[in-house]
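Each of the next two complexes has chain A plus one more chain, namely chain B in the first and chain C in the second.
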Partner chain A sequence: MKVHISATGIHMEADTSTPETAVPSSVPQPKDDFQEELVIRPLHSGDIYASFQFRTLWETDFMRGNKVSHYRLFPKSLGQVISKFSVRELHISFTQGYWRTMQWGQPFLPSPPGAELWVWFQDSVTDVDGTWKELTNVLSGIFCASLNFIDSTNTVQPSASFKPLGIGNVTDHSFLRYATLPREIVCTENLTPWKKLLPCGSKAGLAVLLKSEKLFHSSFHSQAVHIRPVCQDWQCKTTSWELRQTLNVVFDLHTPGQGKREWSLFKMFSRTLTEACPLASSSKIYIDITDNPQGEQFEVSPATPLLSQAMVLGDRRTFSVYDLTQQITFGTVRSLNLLIRWKSRDMLRPLLHGERYVAGYGLQTGEIHTLMYNNHPYRSFPVLLLDSVPWYLRLYIHTLTVASKGKDNKPSYIHYQPSKDRVRPHLLEMLVQLPPNSVTEVTVQFERALLKWTEYTPDPNHGFYVGSSVISSLVPSIVAMDTNSTREQPLFSSFFPCKEESSYFVRVYTEPLLVNLPTPDFSMPYNVICLTCTVVAVGYGSLYNLLTRSFQIDEPSPGLAKRIANIIRKMRGVPPL
Partner chain B sequence: MKILTFFSLFSTFLSANSINVEENAGQFFSSGHTNNWAVLVCTSRFWFNYRHVANTLSVYRSVKRLGIPDSHIVLMLADDMACNHRNPKPATVFSHKNMELNVYGDDVEVDYRGYEVTVENFLRVLTGRLPPSTPRSKRLLSDDRSNILIYLTGHGGNGFLKFQDSEEISNVELADAFEQMWQKRRYNELLFIIDTCQGASMYERFYSPNLMALASSQVGEDSLSHQPDLAIGVHLMDRYTFYLLEFLEDIHPASKANMKDLFKVCPKSQCVSTPGHRTDLFLRDPGSALITDFFGSVRKVEITMETINLTDLIKEAEQKDNVQQMLEMVTNEMNILKLWFDSNKLSLNLNKTKFMIFGNHTTNIDVKIVIDNKTIERVYESKFLGVVLDHKLCWKPHIKYLCMKMARSIGILSKTR
Partner chain C sequence: MGLLSDPNRRRALISLLTRLNAPICVVCYMAGVAWFMGLAFEPFTLRTYMSENAMGSTMVEERFPAGERALATGREFSAHKKKVGGMPVDWLVKTMQARGLEVFTQRFSRTLPFPDENKERYLVKGTNVYGILRAPRAPRTEALVLSAPCTPGDNNNQAVGLLLGLAQYFRNQVYWAKDIIFLVNEHDLIGMQAWLEGYHHTNTTGMDWSPLQGRGGSIQAALSLELSSDVITSLDLVLEGLNGQLPNLDLANLFYAFCQKIGVLCTIQGKLQRNDWDSVSGYSHSVQTMMLMVMKQASGRPWGDHGLFLRYHIEAATIKGINSFRQYKSDTTTIGRLLEGMYRKLNNLLERLHQSYFFYLMPSLSHFVSIGYYMPAFGLLAVILLLRALDLWVQLATPPPRTEDGVADTDTLIKSAPSQMSSPGVLSVLTPLVISHLTGVEVAVEHFPVSETEAVVLTAIAIYTAGLALPHNTHRLLSGEGTEQGWKVLKLVAVLYLAVLLGCTALINFSLGFILALTLVPVAAFVTPHVPKILSAFILVILSPACTLLFSVFFFQELQEMPVSFIDGWMLFLSVISQGILDHSLYGSLVYPLIALLVYPCWLLFWNILFWK
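== the complex of A and B ==
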């Protein structure tokens, strides 16, 4: 890596001739590698789905109290968080909007609306709850989010749902913590520190496209950070730490104002690309052309000869690849603006889909209905449903019913942890077998609690949020999936580890719920004080005056004539009239 | 020959320049503050209070532009306007109509947002009494050489400011918080600006030194908003902060504008309310305080090729507060005095010479003054011109002495009865 400081600025040149490990020093530097990619998938509704992934792999050891001090591509703030709090895996996501599975298909990386944080701690941690609280405070400072509102009233310990995504055969779920904040707003102040974690920042590479004015003017926006230990090779002799920063955004066809069905990088991000990040070993753009084999539906310009095939979400997809590390990609104008133009106006129906809503009337009771759709024509598969309901909606578990196709469907595994007022939320985990081509409905009744008047938020009539349910499942796949996780494959297809060839892992999030709690009238204490004081003042005052006031008869003042006569009489010495 | 004259001239010029630089180097150690902090708070919730968020963000923008980094700014916004679903242009907050100026920007960092903006959190930030796991970006890590700018905006009244429509902070609480900051040496100078109805009532109760306060309206007056934007549908800014932003846009880091110019911002003709200010607690003359002392983070940097000897300057700075140094100075002076006496054939009776240190705090240091190898005795009270002076100046020994005299006289009088 050569750095030149000249009059025009600082230039960096990637020195590809010398390998990164050949540094003449006494301690061999651990190898770190950075890859970036962008996947663009046109959706059938006319919208377009763009998914950025930035991955840093670092061969170092954060575990067992190892002191790491030299950081290069891996951000120091996250490295210090991992070593200080003995974190094994950390997954945090900030999402604005809800992913519409039926219109858009499955996302590459699912996330619920609001903020979601789940962490696996290492075995060396003695006080997991205390460490969890400190970790949320530190993360709230790093990401400028109100993660410090995560406490015991919205944290749960799932027993089966969130298995570690990295290496490690951990079975003790006491080291796992999961929390969501469905109310959390995502805006530029969360994007700014997220961009600062990237090695090239937002100055070079794909990250120059991340402009907040366009990203937040979209139907769906989700940014996430995932940290986990992974195997470097097939035998897993060396482990390295993987940091993935992902950003998924779905742009609406009608928002920019132009009705024409045409997408370009400039239209989506108001920027074009001029170079790859010099610190990246690979920088690629993938465009999904599976639905367009002969170019009859849309055409992509500039054309590229590179094609790639990948197994993603149980389907074999074909992609056009643009390699940004090659100078010819940018052509003569030195800038890349991909254009996708539709010529005329078809989707793999998602096999698993979930919905949730609140039924009932009034402010005392209600019912939560969760619907799970299995759209496979002949295969049934089990799903794990995780529900975390705040304590102020008191669930009556004896009214829990699970029904598919009208008949009762008994779950094979139920883990329920009842709530404790102001301490713990409800946790309900169930393993349900979904019959083929059916809808399974889970219903449970609840009662709304009355909170103490200081516990209400400043805007209580907005309602209280209940976090999304999580439906995790291994869905049978049409094509054989690749179980070798260390092979070179695009980032978007290698996130969830694949243990068997005949199924792939899917996580679906339902909508969050907005529930009104009985709200007191906050102006009543003021009204009561005014009324009481007025009554007391008027009543007591009047009574007091009646009892203590003495009355005298007062002569009215005489007229003018009489007064003059009185004066004359006084002068004469005669008594007045 | 010519080269020689030229060289001598050049060398004299260089030496003159270096003397100048050494003199200027002294200025580096004499200015009051070394770092700048800003605490910017918007206390209103709901979409129709868009203008309060725009107010705070416009001050944030100016402060960042003049040099204060994000790590030294604590920005508290009670509600999110930029990504609010009612905002027709997401990720933007405009201050001028027709969407001329986006004060939200592309690299904003909000430290406290939403429900976190409460009176308790605000006071904790000011006084530094935060739980140990609070991250650095949420703390005000100022010291006794920090100049702090505090900007508050929202709905208020006579003596209070509303936080999120559910609680209030009163002017007494605010004054006490500033006194706590003063006692804990958390600021060098503090500029307090408030844009709310009857804002002048908020600074009436201040009593700590080195505070300067500005408000957008007097007691009994309302602060009015500036202009609505028909596309967004709400009022974009308040008048006082709008004209303050216009004034600050003309300020750059090298600007020499001072506080007296800031007091002239938004006269009654533009603001409809009468902005007020308070400078009686400020020890310097407001005309000598630059705008960039509070709004910017101006580093005094001078690039020079010469080496500057700092040891004399450091000694001079160190001598300012040290009892030992003071005593040494006194010893030196007394020695000079003794020499004068001797040279003028006078004698100084060292047995009758005593010394006393006046002061409120007890110093446990071993203090000694030695003149001509004779230690001068330290006394704690002494009679001088009929008055008994004591080292604490509380006059108790003098009162005792008087009482003794009177007791004797009264005793004699009783015998004459």
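== the complex of A and C ==
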């Protein structure tokens, strides 16, 4: 069997493999490069997690004076966006569903339900807010999403939670904008433009599997685009732009078949693979078999002798690798249909996870509770909590409490920006130390505002959404992490740059909240107008009359005959009647 | 209003109202009662209709197949329940997990203020088990609840079985847009209260509960299931919740629509619907149904586990399976299909149920009386109080005619002038008011060092009775002999006080307000110090809040076609009082404090007026 090994940091354990070194060194290095990758991980809950990553690297400079006009692999629409709006980093994700950390563990790339967009602008941008507004509208068109609903009332500038992931250590967060739309519904119309950004489209390679009828028949669906500048080499002499398109999907094992828990590429995606994307320099499928060293949990067919280990999320995982650029992978039927058969399942406890809910009843006040769990048995670690709450929930910041294990836990850093009605949301960021094996509860009370009647959504009784809180943390790692970001690693393990060996970066999103605001009965205005007018006209008018006037009994005016008689008497000089 | 700005006509109107006051009051009272009785007459009521578009026009297909398996699960549950001697927590957790739910438990404990003899409990400790079916691709913002109480003995096993069966079936469906929470609560209402308080992290009643680990966002609707037999003849819908709150009428409409569609007999208040509205028996049937609803609502207690959801603005109802001797039976599969249909429609909801009525009475499941129709009945009773107040005001404002001997001393004249009347009257009015309310507080304060239920109840009754003797004696000690003006001022205050009190009560809980108005308004209207003492005192006692309650107990039993003897009725009366106190301290029901703190003192004022001299 022939196996392809490029200059990688992956440790191959396959005895039968023979290195083939011809590919990367002999061909002159193209300035752009495309890789595709699919990771399949059987989850503890018995569900199956498939994560696609497509990476385009391009050694170019969008910010140069002369416009970049020749595009090969990099999508032109995004390139133009970068240069027009002087974007340094752009991260956008569309998610349908909530990542169940307690059942599924940590995802390779976290994202909150709905749409999330955060952008670092170049420091040459003068009017950041204006550029941001334009950018959201352009992205709205590119991704067929309602990103144009991002305005100042849901945009914040986090001071610490969202650091640039690429090169450059900008710390001035006035160039950062962050917004979420928790209500955004993600569907086929967002998937199609996303697929069009790929060099092979959905014609060849792994993207063949992305069929919406199956992707949206799952427990969780998330697609994202990340653009950032990265180093090409260890010394960072040259930089290039990285475009990462990721798509994460969790298939519910329980739904279709009852009894037999069995999955294959065909069952998941209703397609099998026949070739790699011809433009891709690497095209691989990884299957996480860490929990299955002896094959007692499940078995994979066709079996591959190719194994790889990677450090991901603080853990050393073992993967079976299928290299699609090798014809041998497809076997005799010229199509690859991976098959996984389960044997058993159990539950797990992730080191860090969070949840959030609204407490209380009635439509006047309420309380937001955010729970952060540190399940590490003996290590405590700090987390950054970011809360962005719309202005119509008026936070009483003096009621903010942070408590772990029943004791007050004073945050070491708090950044709070109060809201302005109809202008900007509340922003609350704080750095909290989570004691080992504990639950930390952050509570803050709020009052529900009464909106103007045109400000209600068309379905006001549905409630109003509050976006997820973001918990970012460096979690203690079980194994030493690899800090060299330029070394070639599987794509899924190299997204968040790793600065130290003993910990790894995790971002956890809590549930969004659905909060009911006091809602008038909208059929009422008519009744109210009628009633008010009547009350004012009849009631108030007459009551005012009664109160301000004094009434006296008048002599009744004399009748006509009497008046005529009086005139005659006057003429006669006789006193009137 | 033009009428009032003309002094002549104003005078004429006022003199008409004062001259004909008594007859007008009598007519209003009769009209109020007649209006109320007319509400049950079918041509005067509206047919129910689905207001919510999201549930009305969408079609759903019910396919739940596994009724038999659900019954088997129910039997298994019952066996484990017997083995454990309570809630089989471990078995439930395992079974729910096997059905693919996220399962959590909640422990709670509560010491009752005094032993509850009806349910034989004092120190309550229990565990709720609930499993959440996560909707695919939903962000955990909305949830629906299906609950079944785990009751001791052989009751309700089928409900738990069906709940688990539905959980299994629902888990395999792809169309869920809201999380579905399957809850098995122990110790019925106490467990439910603990769960709801835990879910919303509130603590209104001082219960101990462990915090919940899993949530599904804001709960949109809930159904509670009570089912104790393998087959049923009919399904009964229970709507009345805490403090007389009712769920949105669309929930009842949904139930009715599915009963019609699937062909299950459905009842409300345990009464089948009849078609012969034009016959006397048909009319009396719907009067009975409506009166049962009125009595239940007036009691202010939750009549099923759903009752506690309403506080949290969650539309909820209890569905009870009834197995009687009729031939026509429905099996568990059918009930499962009915529930499946209801949940699918609730799943389709885009907004909370809000389109239909929240204030209504139901003379049958297919007809309802909305607030606009029943309020006039109460209004006619309340207007009597205003007329009497007007009469008193006029009497106080106009100087007494000098008919006695023409030497009406200037003192009384000055006193009777409205501007100066208040100064001597303050003490004579304030004293009885304060004393009555103190007596009320005495009744309301929970005398719980006594640990026997009957002792508690009898203490309350004793204080209540003692209150009858108290005020009219003390006030004489404090402010001397009552004057003619004094009682009129007091009565004016008392009548207006009663009007406000009843008005507010009727807005929150129409039934309670109406029943109280029915008995208290005649008292307020006729009582003066000049009526024959013994007879009036007797009538006053008969129409006092406690006796109203006693009659209501008998009347309720009569309506349920379970008449009781006087002794049993008395025992029932005592237990109703103890339940009222318990409902107040366990779930925050407001009826007992309302009666003790406000209605009873108000009635004492009238008692006071009777014994003014």
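Here is the rule we go by: the second predicted complex is superposed on the first by the 485 of 577 C-alpha atoms of A that agree within 3 Å, B and C clash if a C-alpha of one lies under 4 Å from a C-alpha of the other, contacts with A are read in each partner's own complex, and residues count from 1 in each chain.
Here, a residue touches a chain if its C-beta (ideal position, glycine included) is under 8 Å from a C-beta of that chain, and two chains touch if they have at least 3 such contacts.
If you're wondering where the values come from, they're calculated on a predicted model, not measured in any experiment.
A.B. asks: Using the superposition on chain A described above, determine whether A:L546 touches chain B (first), chain C (second), both, or neither.
C.D. replies: In the superposed model, A:L546 contacts chain C only, not chain B.
A.B. asks: Have a look at where A:V479 lands relative to chain B and chain C in the superposition and call it first, second, both or neither.
C.D. replies: In the superposition, A:V479 contacts neither chain B nor chain C.
A.B. asks: Does chain C touch more residues of chain A than chain B does, or is it the other way round?
C.D. replies: The partner making contact with more of chain A's residues is C.
A.B. asks: So, A:V536: does it touch chain B (first), chain C (second), both, or neither?
C.D. replies: neither
A.B. asks: With the two complexes superposed on chain A, say which partner A:Q96 touches: chain B (first), chain C (second), both, or neither.
C.D. replies: A:Q96 sits against chain B and chain C alike.
A.B. asks: Between chain B (first) and chain C (second), which, if any, makes contact with A:K211: first, second, both or neither?
C.D. replies: A:K211: touches chain B, not chain C.
A.B. asks: For A:S146, is the partner it touches chain B (first), chain C (second), both, or none of the two (neither)?
C.D. replies: So A:S146 only meets chain B here.
A.B. asks: Would you sort A:I567 into first (chain B), second (chain C), both or neither based on which partner it touches?
C.D. replies: neither
A.B. asks: Go through the superposed model and pick first if A:D459 touches only chain B, second if only chain C, both, or neither.
C.D. replies: Both partners, chain B and chain C.
A.B. asks: Would you check which partner chain A:E189 touches, where first means chain B only, second means chain C only, and both and neither mean what they say?
C.D. replies: Once the two structures are laid over each other on A, A:E189 reaches chain B alone.
A.B. asks: Which chain A residues contact chain B in one complex and chain C in the other?
C.D. replies: Looking at chain A, the two contact sets intersect at 96, 216-217, 459.
A.B. asks: Taking the touch rule as given, give the residues of chain A at its contact with chain B in the complex, in rising order.
C.D. replies: 96, 133-134, 137-138, 140-142, 144-146, 148-149, 183, 185-189, 192-193, 211-213, 215-217, 457-459, 522
A.B. asks: Spell out the part of chain A that touches chain C in their complex, as residue ranges.
C.D. replies: Residues 96-98, 100, 102-103, 113-114, 182, 216-221, 252, 254-255, 258, 355, 357-363, 367, 369, 459-463, 465, 511-516, 519, 538-539, 541-543, 545-546, 549, 551-553 of chain A touch chain C in their complex.
A.B. asks: Per the contact definition, I'd like the list of chain C residues that touch chain A in the complex.
C.D. replies: 1-2, 4-8, 100, 102, 134, 136-142, 171-172, 174, 200-202, 215, 217-218, 311-313, 350-352, 354
A.B. asks: Okay, in this complex, where on chain B does chain A touch?
C.D. replies: So the residues of chain B touching chain A come out as 45-46, 80, 82-83, 89-92, 104-111, 113-116, 131, 133-138, 164-166.
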